[in-house]
Structures are given as C-alpha cells and as structure tokens.
Amino acid sequence: MTTIEKPAYKVIGTRPIRPDGVEKVTGKALYGADVHLPDLVHGAVLRSPHAHARIRSIDTSAAEALPSVLAVVTHADLPAVADTVIDTGEGVTRASDMSLNVLAGDKALYRGHAVAAVAATSAHEALAALDAIAVDYEPLPPVLSVRDAMRADAPLLDENRRTKQPDGALSDGPSNVAAHSRFEGGDLEAAFADADAVVEREFDTKMVHQGYIEPHNGTANWNPDGTLTVWTSTQGAFAVRAMLAELLRLPVSRIRVVPMEIGGGFGGKIGIYLEPLAALLSRECGRPVQLTMDRTDVFQATGPTSGGHMKGRLAVKDGVITAAEVSLAFEAGAFPGSPVMAGAMCMLSPYDVANFRVDAYDVVVNKPKVAAYRAPGAPNAAFCVEQLIDELAREANADPLAFRLRNSAREGTRMITGVAHPRIGHEETIGAARDSDHYQSPIEGPNRGRGVASGFWFNAGMQSSVVASVNPDGTVNLIEGSTDIGGTRASLAMQLAETLGIPYDDVRPTVADTDSVGHNDVTGGSRTAYASGQAVYEAGLDIQRQLVERAARLWECEAEDVSFVDGELRHASDADRRLTFAELAGKQMETGGPLQGRGSVVARSPGAAYGVHVVDVEVDPDTGKVDILRYTIAQDAGTAVHPAYVEGQMQGGVVQGIGWALNEEYYYNEDGRMENASFLDYRMPTSLDLPMIDTIIVEVPNPGHPYGVRGVGEVPIVPPLAAIANAIHDATGHRFTELPISPRRVVEELHHLR
Amino acid sequence: MPMRRSHVQTTLNGEEIDFLCEPRQSLLEVLRDELGLTGTKEGCNNGNCGACSVILNGRVTNACCVLGVEAEGASVVTIEGVAEGDRLHPLQQAFLEEAALQCGVCTPGFIVAAKALLDAEPNPDEGRVRHWLAGNLCRCTGYDKIVRAVLKASDAQEVTA
Amino acid sequence: MKEIDYLAPASLDEAYAALQNGKTSAFLAGGTDIIVQLREGRKQVDQLIDVKHIPELMRYGWTDGGGLAIGASVPFAEIYEDAEIARRLPCLIDCATLVGGIQIQSRACFGGNIGNSGPAADTVPALIALGATLTLGSREGTRELPLEAFFTGPGQNVLAPGELIVTVNVPPQPARSGAFFHRFIPRNEMDIAVVNVGARLELDAAGERIAGARVSVGAVAPTPLFVEEAGAALVGQAPGEEAFARAADAAAAAARPITDMRGSIAQRVHLTRVLTVRALRRALERAREA
Amino acid sequence: MATVIVPSPLRPLCEGAATVEAAGATLGELLRAVDAICPGFWERTVEDGRVRPELSIALNGHAHRYGLSEPIAPRDEVAIVPALGGGR
C-alpha cells in the first residue's frame, strides 16, 4: 500500500463484517423479485419482434377478454409528458424519450421494445395472454451501426431529429446523429508537423451489457386515492420516484419507492423499465402487480453500453506526447444519450497534452437505449488512446510505464475542457504499478506478452442526506438512502463510527425508502462512500456539537470548555469531568431530549480516480484463445475506508473489463436480432477463466473529503480493454483494433482467414 | 384459475413437507412462489448462471432446470438449510470474513454449490474450486474473494472436524 | 410455459404405453435442455415423460466382453466419479466432465445429449470415436444401431414414434488403442462447442504403425460427423505429425460449417484441423500407455 | 476579476479567446458580464434561469451543477464544461 500523510484512524482502514452480510449469506435478504404481497398478481410484457417498425395499430381486445387477464396497457395509457429533462444523477434524459422507451409509441425502435403489458392471475397466464394481443407492424429497415447510421442515405429513426452541432446550431437536414461536440486546444497541425513520430489507427467496439445477475423487476400498488408504492431493485430510489412522477404526472409526495436489495447494477439499474408498467397495470386492476424480466429481456430491452467507431492520431516529440486528434462516434441506441462526451473528456485526462482536437458524435441506432455502465464511455475511449500511447512509447523506445509517467497529468494540468486538475494520484499510481512484484518480474515463454494501460474517471459528488439517532445505550441507528450494492452500509457506518469515536458494531445502518429519509442521488458515479460518507460525517459532527452543548449544560460550563476527543466528552481544565459517548447518550431525557444528527450535503469535490493495470497473457495462436496469466491493478483510492471492499471493486471492475476485452458483445444478425441474448452465448468470465486479481491500493487523500475518500467503483473497468490488447500485441506482434478480441477474431486475423 | 395441480411429497432442508404445483412449474418457482423460500435466486432461468443452485438428492443442480413434480420423494437442500440454527456454516462465515459478496444475489448459489463441493471433497485446491464453481456466475467480485472464502472454509472445516 | 402433463413411468412398458396415448411427448431425463426449450417456446408438447424411474435407464455396467452399457438417463456425474470407467475409458470422462458445469452434470446424461441431437453435442464425437452403439426400445422390441447412424439433422434423429433410447453401448476397446475427446470453446467452461473432435488410434503389435483409427467431428455440419476418410488416412501410417496432418485435412474437407454467434466458417474449418491433430496426439499417448 | 474558461464551441462568440476575464459577485452576474463582452454567451449557457442541463460549471476545478446564485470570488476560475453522462 502506498500511503501519503494518512492520519491514524481507528475504524477507517479496518475490515469489519458488513451489517447486511448475514442476511445475504443465509438467503434471507429480500431482493426486488422476492417481494410477496397480499393479492399480488403477475404481469408480462409484449415486446417488438422487429428492430425498426411503424406500429399501425394495437388490438388488445382479445387479450382483455381472456378470463385470466386483469389488465392490459399500452403507450396510450401513459399521460402526455412535459417537454422536460429528468436529471437522474448519472446523466439527464428527456421525459418524452423515456415515455416512448417504456412503451413504444407509433414506432418500435429496437427488437425487444415494450409494446404492451398484461397483468393476469399467474405469470404463466400473463405470458400466454401476450399471444392474444394483435399488433400491426410495418417493418422498416433497421440501422445497426454508427457507420451505417451516419451515412447520408441511412434510414432515419426519427424524421424530425436534427444534429446539434458544435456551434449550437441544428443541422439543416434530418439525421441519426443527435449531437456533434468538439474540444480544441493548441496548434494541432504545427504539433503534428513537428513530431518525431505519429501513430494513427481506427478502432471498433461492440455494444456490451453490465451483466448483473439479478434481472430487472418492479412491483407496484396504486391506491384509489392516487398514492403509489413501488418496490424495486434500483440504484436510486429517488431517481425512480422522480422519473415516475414525471411519466405518470403524479405529485412526488404521492409516490413511495421502497428500495429492495439489488443484485448488481453497474449503472444499468438507474433508468426505469418495468416500474411504470406495473404502476399502470395496478391502477387498472386495483391489485398490486409484479413484473420481472427474464434474461433475454434484460439483454434486449434494458440499457447496455455503446459500441462505436473511433479514430485516433497521436504525435510524440522528444518523448513527450505533443498532439492528439481523436474522433469518437458512439451508439446511443434508440434515443439520444450515449456516453460519448464522458469518453471524450476522460481519455486524455491521465496526460498532459498541449495540442488536441476531439470530436464526439452521439448517434441513434435501432438497438436498446444505452444506460450507464461503470465509467460510461471511458473504457471504449481508453481502448483507442491507450493502445496508441503504447505504440508511441515503442516509437520513443521508452518503457510504457516510464512513458506514461513522463507524460502524466498532475495537480494544475489542464484537461481538454480547460479545467485544471486538483490533487490527483496518477503519478503515484504509475509508480506503484512499476514497483510491483508483477512488473518487476520478467515475462517469459512463447506466445506470452505483457501490457499496461492507465485509466481515469471523474467520479461524481451530488446530493446525499442521512439521519443518525443516538440510542440510550450509546448505539446509533443510521438512516441513509443510498442503495447498498457492494458494501456501502459498512463503509458509511465506519465513517460515522470514526467520527463519533465509537466502535463500528455500535452503528447500525438502514437503507430507507423515499418517505423516510431526505433526498439521495443514485448509487452511481462511484459517489456513495465519498458523498454519502460526507453526509455521515456531517451527521457525526452534528451529534458531536449537541453532545458538547449537553455536557456543558450538565457541567454548568461554557461549551468552549468542553471538547469531544476519542469518543469522550472532556472538560478543558477539570480532568475529572469526563463522560463517555454512551454515558451521555444515557442522559438524553435530562439533557434536551432525543439526540439526532443530520447530514445533508452537495458533495462538490469527488477527486478523480486513476488506475494503472499490468496484465500478462498467453495466446494460443492456433485456437486464438487468450488466457490471462497474471493481473495487477494499482489504483488511487484516496483513503480506503474498507480495504476489502475497495479491493473487491477493483477486482470486479477488472474482470468485467476482461470479459469486454475478450468475449462479450451483442451479436446481431442483419435484421437487428441479438442472437446471443443468454448467459450461454453472452460469455461473461467464469471463475475458471481467471487468475487471482492482485490489487495495490494507493492512497493519495482527496482534499475534498474529510477522510480523503475518493470513489473507487468505476475506474477499474477503464484500462483492461487496452491493457489486454497491448499484452496481446506484445505476445503476437499483431495489433487488434476491434473488440472483442475473441478466439474467432484472433485466429481469423493471425491466420488471415478473413 | 387453478390449473391441474399435482401433490408432491419431499424432504426440504431436512423436513418432510408436501405441496401442490402445476407440472409446468420449475422447482425454482415452487420454492420461491409456493413455499416462500426466496433465498434461491433466478438469474437466467436456463441453467447458465447457477444462482438457483440447490442440492437435490446429494448433488448440486440448477432448480430452474428441474420441475417441481420431480421433487417427489427427493431430498432438497436450499440456502435456507445451510446454517444450523443460529450457527452459520463455515462457508457462510468465510464469505462474510473474506468480503466474498458484493450485491449478494449470486451468493446463495455459490454457497450451496461450494457446500456440495466441500461435502464431497473437503480439501480442494484453487484450481478445483474454480472448476467446480464455473457454473456459478458472479459479476461483482471477479471471483477472487469467493475462491479465497471457499478455500478458507475448507481449512476451517478441517479444524472443527 | 404452456400447460403440460407429467408422467413418471416405472418401467419400459409403462413408458411405451405413455408414448402411445395419443399425445405429443418429450422425454424428461436431466431436464437441462427440454425444460428450457419448453419454457422458451422452442418446443411444444402435451406431456413430459420422466424416464428416471425406469430401472434399465438408470443403471450402467460392464458387459461380459468388457464393453460398457450405460443406461440412457444415468447422470454424467455418476459416470465420471467411477474410477474403473476413468481408468478403462478415459475418453468418456473427457466428454462427461465437459458438458455444462457441475450443476448440469448432476442431472444431464448421455441419452439426453444424444436424443437432443444438437450438432455440437459434446458426448457424441467421443462416443463415435469409441465405436458406440445405441439400443433403442419400443413396444415392438429393441434394435441396435451405430451412434453415427442416429442423427438426421439439427435436433432430428431416427427415433421412431413410440421409441426411446434405452442404453448407450461402448464396445470393448481394441488392444493398444487410446481415444481422446477435445473441444474448443471461447471460455474454459459453460460454452457450446465451436468445434469438437473425438479420435481413437489403435497401434499395431509393434507399436510402429496405426492399425485402426476413428475420427469424429462435431459442430461443423447439421449432424456430428464420423469422418471415415480421416481414419483411412491414418491406417497403415507411422503415428506422428505427418499422418495426423493428413487426417486433419480429411476432417477439414468433410466439415461444412455455418457462421453464427459461436464461430465462423473459416474459424471452424481451421479449428477442425487444429483439434483433430491435438486429439490424435493425445489419443496416441493413451494408446502407448494402454 | 474571475477567469472564465471558454469551451471551444463558444469561442467564436469571444473572438476566438480561450479565456475571458470578467467580474461578478455570483455565477449569474459573471455570465452576464461575459455576455457583455461576448454577445450570445448567456443564451448559450443559461436556460430557464439555470445553467443549461447539458452543461456543468467547474468552479476552481470542481464540476457541479452550480446555481446562478453561487458566490464567485475575484480570483476564481470558472470553466463551462459538458455535463457528465451526456444524455439529453
């Protein structure tokens, strides 16, 4: 562990058992699909078999006539929405697009697009009833890649869509390009003209899915008085509430969203799919309705992340990266909103590059509308830039880590947005990777190679609020509103225990529903341990202040004479006057009543995250199989609150990246049907495909957080695609520019079979 | 409307029970929807993720690929039957200590599958653990800590045995 | 899933009767294919006949001549946990340990893998290489046929209405022979074969020439292939890379694969060569150890 | 005077300048002051009394959806950057 100026913490940095652990290892924890309510009925969703079709009519009368059917809804049952944008925390979405995505309007825009929903007496009967709904489709030619979508003669998803151009103006003609943005700085042409070497390549990536194991679900009960309760597995109960209020035109206060345990999200469980349908069905049949997706639905009808096309040209002069010209075009899916801007803003952020031009195109295609996926946009963009940097290092005869260190961004370096970096840890992280046993050990043997890559992610701050109640026995109940996907109950309880100077076990955290705690933005953007942690810290300070006042009252002294140290109230001059936290907690009634701390923050300084990865691979040139022999990740965590869960985030992100690099892809036929929409053929890594993933936690504290915490969840997925491609190049001498680098691609390219 | 339902007698987590189910209902549906045992999870419903792992007549299998009616006369162990009263199984304890779960939805399947392994082979090595658990997908952890937890539990079993 | 009847006959006669009760039927053994096919609407039948209560289908044993008769529904796990089978027929273990993961192997069986008749079925090239036959039973009696003669197309076979697979018969293996099953998948487990190859080599008494050879390739045609040309290319040759390459060419020539999400035509033809050579190498090692 | 970093698409409004010096006690006043130097700047950055949803303000390096009433100190650096997520 690399540690810089780290204070001596008592709780932070330890590895206690998570509060929700026992329920999760015994099967008692309740996830969204585990909700059972009195009188609950089940539903099913009819989905478009076409990737692109005009919907001429939908006849639900036969289905409604079935004795088992209780309710049927289509887009016509949704109210007209206002032309507003909804900020879900990880991006903003136009309400009208969201409404058209949850139930198709006059067009089905991707295979799997919801067209109607049914509630029936059983899940089997609901599925059977879908056959009785007659939809008259006029199939249209689908557009399935950014390259096709950007052609002048491409079929249009929306005849009224114009391109928003860099100067803010709209294009004259309609287009599938929703937006074109540009970043420019320095003198690009002069830098290229003056370069020692220039490398230039094009790259292609495929749509991939977050692959959480729990399918989406939604259970809703709509009461006749217009109050709605929704139980769902979501990264953000408040975001779900805001979206439902907008889509259903209900006052926010009438909607209660109960966040159930969530079986993985990675960005894909921020948007809503089933919840509004369950609500409408419940309104119609007067009973609670549960909808769940099957795995095929999850692949075809939720939000994966973009594939795309990228072009990059980089220049080096005297070992310094002097110029970068990069163009990114990402698939947004059926509605605008790819993560192309995030990719554009991240990919050069590990470096100091004076001259640049970056173009970003947001392109609609007949595929599901993309959602966030762990550092959205950054892995794809790094796949392009970090491979070009590998080539530049070779051109400069430099060690790839030394080359990155030489060109590294540091505090004050300006990003392509013109914003200067605050204190960041890229240099320290490179150093940790370089000094690792892994990097210091030679790689030997035929067909083996080593690759490295860096990754950057902004991390998010946003809003969090918590309430902490002190009990008479000195224990504390912490009410928070951040979905716990990977141990944040523990990391928040630890920060409160640290602030109050009490044992971790004395803090009991609960994730509350939207009626029971103040607003919390989504668990996303790597923000929870950081931002909700800051709210917890504020709540702890609030309690501290009240304890000091109460002690002063008891001791009949001024508050200034009382200090709170190591969980104890102490009098400044009288050493005999001491009260432990628990002692004073036991005197609440006589010192002013129930003691509650409140923390409510807009966290503004998340502190960027950097990761540097080293990977060794072995390539079987005859079968094209790539085996990961060894993998080491070094990452700046600021301060690792619960190191085991920090390591877990690092390992999990790496392995998702390994899957993305080697096998995962949406495999479409020419009609726009995803042919591998199952865990059988959408090949996520299994335990047998991997070695242990070695982690090095670097700690360059974030000055914007009281304990120096930086978000850790997302950046680990950024470097693997490029690091593995660089390793495969090292092993084979061949540069793979298209993902996935599957056995098929490897044998076809190495043996010139295409 | 109730379909034709079959009467099934089975031993579930050591207890003799009976239930009614439609022939088309999987054992997974029966456990979750008829018997209220929701610890067994659905991840894919086609035998490719292991989230619904149960031990059926001593062998670990996917409850989504078994019909409820097939449980007649069988013995079924689910995640709810792994701990003994308030004493966690060494695997459960190891999963907690090693932080081998993040979202936790695959965890019941992993613990049930790993229990079947340790019941059959008390001292597996890392390779064997990875091979045995290849039918269980986890998307959060990268498997590192899961494999460590299973190895730790196997050591712990040895100590207590 | 549509409504369905479930029957669990306790004898072959009961099963034959159930097959002729006028309803469309499918067999339920391991359930790892059929339940999913019914659920996903890829197949529809009136009734499922659970064949796991029929004694003949649930036992296995060595025949007097040293062959192995395996009841169609014996789960793979029971087969590969048998040390005697592992010693005498390691090629069977090669394939039985590769079908799906542990959960699948607890229930899935040879009869199901064969009866499902997928072009990429993992047990089939291994069994063809071993010279296996099937015993099919019906009310009219039983018949036996070579495994390679069973398949007629993807998901299709010669099973007549009213007929079921009773046993899979692995004949006594020739002296000085060895067999190996090799599969290529993108991951290390859980995938359907891109290509799979079963190969058996039999050496002459001196151990210098190949006296007999059988090569079978899966996932490269509508049915698993028994490539007799590959065997013919080996017989009489000195075992080694030169002969193996010729066999691999013959196997590749017989392949007529498609491009799909699991692999491309070019990749599959290429892999047919690679896997045939690798399978033959390992078969040779086993033949030499035999 | 605060420094405003002008994103490349808005530089044509500012005669190509990458930075503009202007004074304002709040973010709103500052953007008005820039608008006086670079006509059209306000309309391109503000909508319905808020920073446009596709934009974010980085105040001294920290990007956030600041309100127009956010206090600005004389030596602050204010950059106009795209909002993360990129959705519209």
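Note that the chains take the letters A, B, C and D in the order they are written out, and that residue 1 is the start of every chain.
Note that contacts are C-beta pairs under 8 Å (C-beta built on N, C-alpha and C of every residue); 3 or more make two chains touch, one makes a residue touch a chain.
These figures come from a predicted structure and were not determined experimentally.
**Student:** If you tally contacting C-beta pairs, which comes out ahead, A-D or A-B? Let me know.
**Tutor:** A-B
**Student:** Among the chains here, which has the CA centroid at the largest distance from chain B's centroid?
**Tutor:** Most distant chain from chain B: D.
**Student:** Chain C to chain D: how many Å between their CA centres?
**Tutor:** Inter-chain centre distance comes to 69 Å.
**Student:** For chain A and chain D, let me know how many angstrom lie between their CA-based centres, rounded off.
**Tutor:** Roughly 27 Å separates the two chain centres.
**Student:** Quick one: chain B and chain D, Cα centre-to-centre, how many Å?
**Tutor:** Comparing mean C-alpha positions, chain D is 56 Å from chain B.
**Student:** Tell me, which residues of chain A touch at least two other chains?
**Tutor:** Only 124, 680, 685-686, 688 qualify.
**Student:** Would you mind listing the residues of chain B that make contact with two or more other chains?
**Tutor:** Each of 22, 24, 45-46, 48, 131, 133-136 in chain B touches at least two other chains.
**Student:** Counting only residues that touch at least 2 other chains, which ones in chain C make the list?
**Tutor:** Those would be 1-3, 40, 101, 188-190.
**Student:** What are all the touching pairs of chains?
**Tutor:** Pairs satisfying the touch definition: A-B, A-C, A-D, B-C.
**Student:** Given the complex with chain C, which residues does chain B contribute to the contact?
**Tutor:** Answer in residue numbers: 3-4, 6, 22-24, 26, 45-48, 50, 53, 56, 59-62, 64-67, 69-70, 72, 113, 116-117, 131-136.
**Student:** Touching residues of chain C toward chain A in the complex: what are they?
**Tutor:** The contact residues of chain C facing chain A are 1-3, 40, 101, 184, 186-192, 194, 260-264, 266-267, 270-271, 274.
**Student:** Can you tell me which positions in chain A touch chain B when the two form their complex?
**Tutor:** Touch list, chain A to chain B: 15, 17-18, 20-22, 24-31, 33-34, 36, 67-68, 121, 124, 210-215, 261-266, 292, 294-295, 485-487, 642, 644-645, 647-649, 651-656, 678-680, 684-688, 690, 692-693.
**Student:** Okay, in this complex, where on chain A does chain D touch?
**Tutor:** Residues in contact with chain D: 85, 87, 90-94, 166-168, 178-179, 181-185, 336-342, 345, 362, 372, 376-377, 417-422, 458, 460-461, 525, 602, 604-605, 704.
**Student:** What residues of chain A sit close enough to touch chain C in their complex?
**Tutor:** It is residues 124, 128, 296, 622-625, 662-663, 667, 675-676, 680-681, 683, 685-686, 688-689, 742-744, 747-748, 751, 753-754 of chain A that touch chain C.
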